[in-house]
Amino acid sequence: MSDTRTPNSALKIGVYVCHCGSNIAGTVDVHAITEYAAGLPDVAVAREYKYMCSDPGQELIRQDINHHGLNRIVVASCSPLMHEPTFRGALLKAGINPYLLQMVNIREHVSWVHTNKQEATAKAKDLVRAAVRRVCLHKPLEKRRVAINPNVLVVGGGIAGIHAALTIANSGKHVYLVERQPTIGGHMAYFDKTFPTLDCAACILTPKMTAVGAHPNITLWTYAEVAAVEGYVGNYKVKVRHKPRYILEELCIGCQECVEACVYKEGRWADEFNMGLSKRKPIYLPFPQAVPQKVLIDPDACIEFKSHRCKKTCVEVCGERKAIDFNQKRWFDEIEVGSIIVCTGFKTFDARRNVYYGYGRHKNVYTALEVERLINASGPTGGNIVLRDGTQPRTAGIIHCVGSRDHNTNRWCSKVCCMYSLKLAHLIRERTGAEVYNFYIDMRTPGKGYEEFYDRLLDEGVHFVRGRVAEVTDWPAHPSEEGKLIIRAEDTLAGFVRRIPVDMVVLSVGLEPQADAREVRRLLNISCSEEGWFLERHPKLAPVSTFTDGVFIAGACQGPKDIPDCVAQAGAAAAEAMALADAKYVELEPYTAHVLEESCSGCKTCLTVCPYSAISFMQETKTARVNEVVCKGCGTCAATCPSASIQQNGFEDGEIFEEVEGLLAYA
Amino acid sequence: MKYTYYPGCSLKGTGRAYEESLLAVFHALGVALEELDDWNCCGATTYMSYDEVQSYALAARNLSLAKKTGRDLMAPCAACYLGLHKTQNYVRDYPWIGHIVEHALTVIGYSTDLSVRIRHPLDILLNDVGLAAIKAKVVHPLNGLKVATYYGCQLVRPYALFDNQREPTSMDRLLAACGATIVDYPLKTQCCAGSQKGTLPEVGLDRIQRLLAGALRVGAETIATVCPLCQFNLEVFQEQAGNAHPFNLPVLYFTQLLAVAFGTPLKQAGLQRSFVSIEPVLAHREIAYV
Amino acid sequence: MLNAANFDKESHAVPETAEPRIVGFFCTWCTYLAADLAGTSRIKYQPNVRVVRVMCSGRIDPQFVLDAFAHGADGVLIGGCHPGDCHYQQGNYNCLRRALLLSRLLRQMGIEEERFRVEWISAAEGERVREVIDDMVAKLRKLGPLQMNRRLAPEISSAQEPACEEVTV
Amino acid sequence: MELKRIVKFEVERDPAFARWITQNPGGERIRHCLQCGLCSASCPLSLWMDYTPRRLMHLSREGFKEEVLSSYTIWLCTSCYACAVECPKGIKVTDLMYALKARAIQEHFYPKRFAIPELAREFSRMILGWGRITESRLVMRVFFKTALGRMIGLSHLGLRLLRTGRLRWAREKVSRQIEIIGLLQDVAATRKELAR
């Protein structure tokens, strides 16, 4: 830390202040700052420009470097996380080391968050002054190159994961697809039709599912979860936990004779895939088109697990194949991949939380997903929409925004409910001829062919009542309501309260982040929005990237999305992963630490704090040494070293001291 | 166990039976109550529509007085219970209200510490006394007497601190413990129209009529209430509401039913003040009371 | 680093009625991002904080904090990832350990505890940035200027001679 | 059937009133109102209202003071808080109803002999005088002011209440009334200060 600041004839600093249109210039007196900067020691050139990040802006820097022989550059514009690479590029083009640059964030940290022009300008001046002093000490640095492993891990086998996996696999790279459920398919597999085209979900999904199962470049692991992730972009080590399905996957051929043979002649346990509307046996195939076509055993249901005294007719019938193994335990796989695509999807809002809609109390109140199963030909009723007592509803009410746009539950709009409610309205009306009422707050049908679909529903004579439902009750206020479920809502367009008796109530439940989104997020070292959706690197310009290089997100885990959007994002994420793989190597920031051997006392304190054990103790020299390949550049060791004998490139003590003092020095 | 007791105006008037039975029950359970010294109106509903901030100041005086006693404050009247809680919250959440109220308190030489814990008898009976102790006191089990528990609005809204806001059950558990059968009464948290009966009769009557008819529909033999105004509306206006065919449905305070179960003498339970006597029902249920 | 040369120039310029000046040390992955988010969501807060970006809160050397105070900062705010969220696994824990020790030291030096603050703010908590900064500024306004540099004046002026270092060009 | 011409000119709006409503406790979010009508649908008395609570919220935030303060709605609110608890945007409709009632009373926006505001007034007078309410006397005074006829109609009820000892004429009052007066006066005073 002996380096202190004295005017240095060798230094020629160029300072560039960006207007960013009016984004900065609107709140900060850019001109004043430029003038101020020009007056600072060692500053040779100071300019302002409308858009520094534009080509002419960068060209400005390049020319000045060439004409004036600048050897340090300060750019006062937006967040370094936004454009640092851009301006480093400019320095490189001009033939000086890109790390002789310091950026000043006068947009996100000044002009956008302050209103008083005077105060904002004063703050910006301090920041510029600090940067000018800091940049004096910058040293030329070189990025490190690390080879990239071309394999990709896709987490989650919903439509997004499936699409991403296939895209990458088709490009000839190897994909590991890890799915928590015993089959891939995700929520889309539950649906009968998809809006607005009404094409059959199974018809478009199952071919893709089987393609995944059969693809030579895809290793499909269902009933498995990611247990641990370590490493960094291009070189991730991932540990995968396999849950026992008590079936040896490689031996099972999915003939399902075991299911037939099971000692239970009838299903007795709630069938997860049918939302509990039907029963399954202890040994079962999740659903007919499941991929992989492998059965599994539910240990909580199977007699053998409870009493060990089952006749094991399943084992008998499986015979020579010996695919059933009651002693199977969970096991782990370790894989190495270059990038990870997260497609963990969403969960639906628990309708019980909205007590007034009586889900779980009134038997004919259903969630949208349950109705999807009722409508589905492979569902519990073979596609007949019938109430619990087997009769067809003559009237049905569909309640929108259940668990959406509500500060008592979830504040956000779930985006897909309006459209799927329209779809369900159409199907219910088509299959049963029932009178259907939609209760909505606002109809949100943006999207190709969506508004047209809405028109179609209006033509079909479906009722639309604009009002949030207050209550679903079986409590009649009029003889005509006896034995019905009564929906009470204000018809806000008519301006009075209406009570509408129906046979069937459908709750259009909203979308929520997965219950364990936060754990997954930690596992992969990415961020979540406050609601729990995974956070993209930039909402517009980096929608599928995260702040962790090499980890991408796609589908509804990033926010409520319909199928087309999920698939589009999956494609985008796949492209990002392939681009990374095809680059062969990745450049890592050079912010690693190094030991100044002459002053190192060999106290070994640094060894204890390094999270990557990148520091070792050299017996011969009795000093510490940093392995720069392993070092990730957090700088903790530098802060810990009692004799300041470890320095972090780009964040040396001196540089930071200068910045701090520059901030505080009054003009 | 000892609590500071805030009766509120109604319990001294139309709601006397509530106070009488309440005191009797707590006495029987050996829980001491000390009436808050020189309490004033809580500034309830009606006053709020005249001047909210003044009503907070009024409530604040009571809170300040109660805080001095160092004991929890028991407010049996739903309106008082809400008014006092609301004051605590608004004085905290809205600095300008806090400023005005605290200033006023200081002027009359009161402490501005309003942090006393406000409790409802239901809360105390369930969570402090406990069902076991109550069961132990029962001498006349209510023999499956069919009770519709009516909580009304202001006890559970907006501040449901000891019970579920949408499906309250505290009174159910309490009376069930005394042997009553609780009928499923979906209207249990609906509004009784408060003072509307007095001011806009047809509106009030309509509500009252629905609530009573509802109770009969689910086969209730009596309605248990927690609020003087609910009790008054549902009982006193039965004849008008019933036009022609009277409802004849006894409407008691939950404390009166407890008193019955505890064998408290009729007069001490304030039962002589009812318009519709509970006695026939008790007789029919063979509850050997009086 | 503090030395006679820049000491004279700066410290005496501190006006008595100055607004509190706070130096923030934010980690790149959480709090700096949160501050960026506050910007993109146009959240408005007090302009008293000047942010120094470090890769990890674990990089923050107690000397940085002392240096800031010595040069006239009225407060220092450290921002890192929530416990368990550190991009480098445990940097924020190391930061916390040092901060605890440091805050004791600071109190002994007569620096009020409100002046040194460590906050965990995740990339999603733009609103939290506003809360923390506004709250801290309000507290420091009450306390008034610190002017540590005045108090330290004697020791500092006798600080070691400035040595000059060759700067690579 | 009568013909009625309705058009609202912008000058008929009262922006100050719109601002005022947002400044009331619980009204901070009124601009977020979705107009979903959950308040109206959960209100037990909305079926009697000329404007449903939802419409009233919109009229207020738009500043149609006349319509709002002269509407029946505010007087029908029994403050059961159903709307306030359920509002998806966290608007405390009930509190706003209080504020509107108070405003209407201040500005005499109600028909003569209309019981509800009279009740509120008498209530406040009684507090100022004795610090507590004696229901019997309160009811009497309100009826005197509004509907003598009805009172006589209800006399038999009164008698029954007397017989059961529930209508007590004895005056309920606090002993240190001076404190109540001081309290209320100071509130008024500080409020004026703040307004300035």
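General remarks:
Going by the order they are written in, the chains are A, B, C and D; count residues from 1 in each one.
Methods note: contacts are C-beta pairs under 8 Å (C-beta built on N, C-alpha and C of every residue); 3 or more make two chains touch, one makes a residue touch a chain.
Note that the coordinates shown come from a computational prediction; the quantities given were computed from them, not determined experimentally.
In terms of their C-alpha centroids, the spacing between chain B and chain D amounts to 23 Å. Averaging Cα coordinates per chain places chain A and chain C 33 Å apart.
Centroid to centroid, with C-alpha atoms defining each point, chain C and chain D lie 53 Å apart. Multi-chain contact residues of chain A (touching two or more other chains): 356.
Shown here, the protein chains touch in an arrangement that is not a line, ring, star or fully connected set.
In summary, the structure contains touching chain pairs A-B, A-C, A-D, B-D. By the touch rule above, chain A contacts chain B in their complex via residues 355-356, 473, 475, 477. Residue ranges of chain D in contact with chain B, taken from their complex: 25, 44-45, 48, 75-76, 78-82, 84-85, 92, 94-95, 97-99, 101-102, 105, 115-117, 119-121, 123-124, 127, 131-136, 139, 142, 150, 157, 160-161, 164-168, 172, 174-176, 179-180, 182-184, 186-188, 190-191, 194. Of all residues in chain D, only 34-38, 40-42, 46-47, 52, 54-55, 86-90 touch chain A in the complex they form. Here chain C touches chain A in the complex through residues 1-3, 5-6, 9-10, 13-14, 21, 23, 28-30, 32-33, 35-36, 38-40, 42-45, 47, 50-56, 58-64, 67-68, 71-73, 84-85, 87-91, 94-95, 98, 122-125, 162-165, 167-169, going by the rule given at the top. For chain A in complex with chain C, the residues that touch the partner chain are 1-6, 8, 10-11, 71, 79-82, 105, 107-110, 112-116, 119-120, 122-123, 126-127, 130, 136-137, 139-140, 522, 525, 527-530, 535, 547-548, 591, 609, 611, 632-636, 638-640, 648, 651, 653-654, 656-657, 659-661, 663-666.
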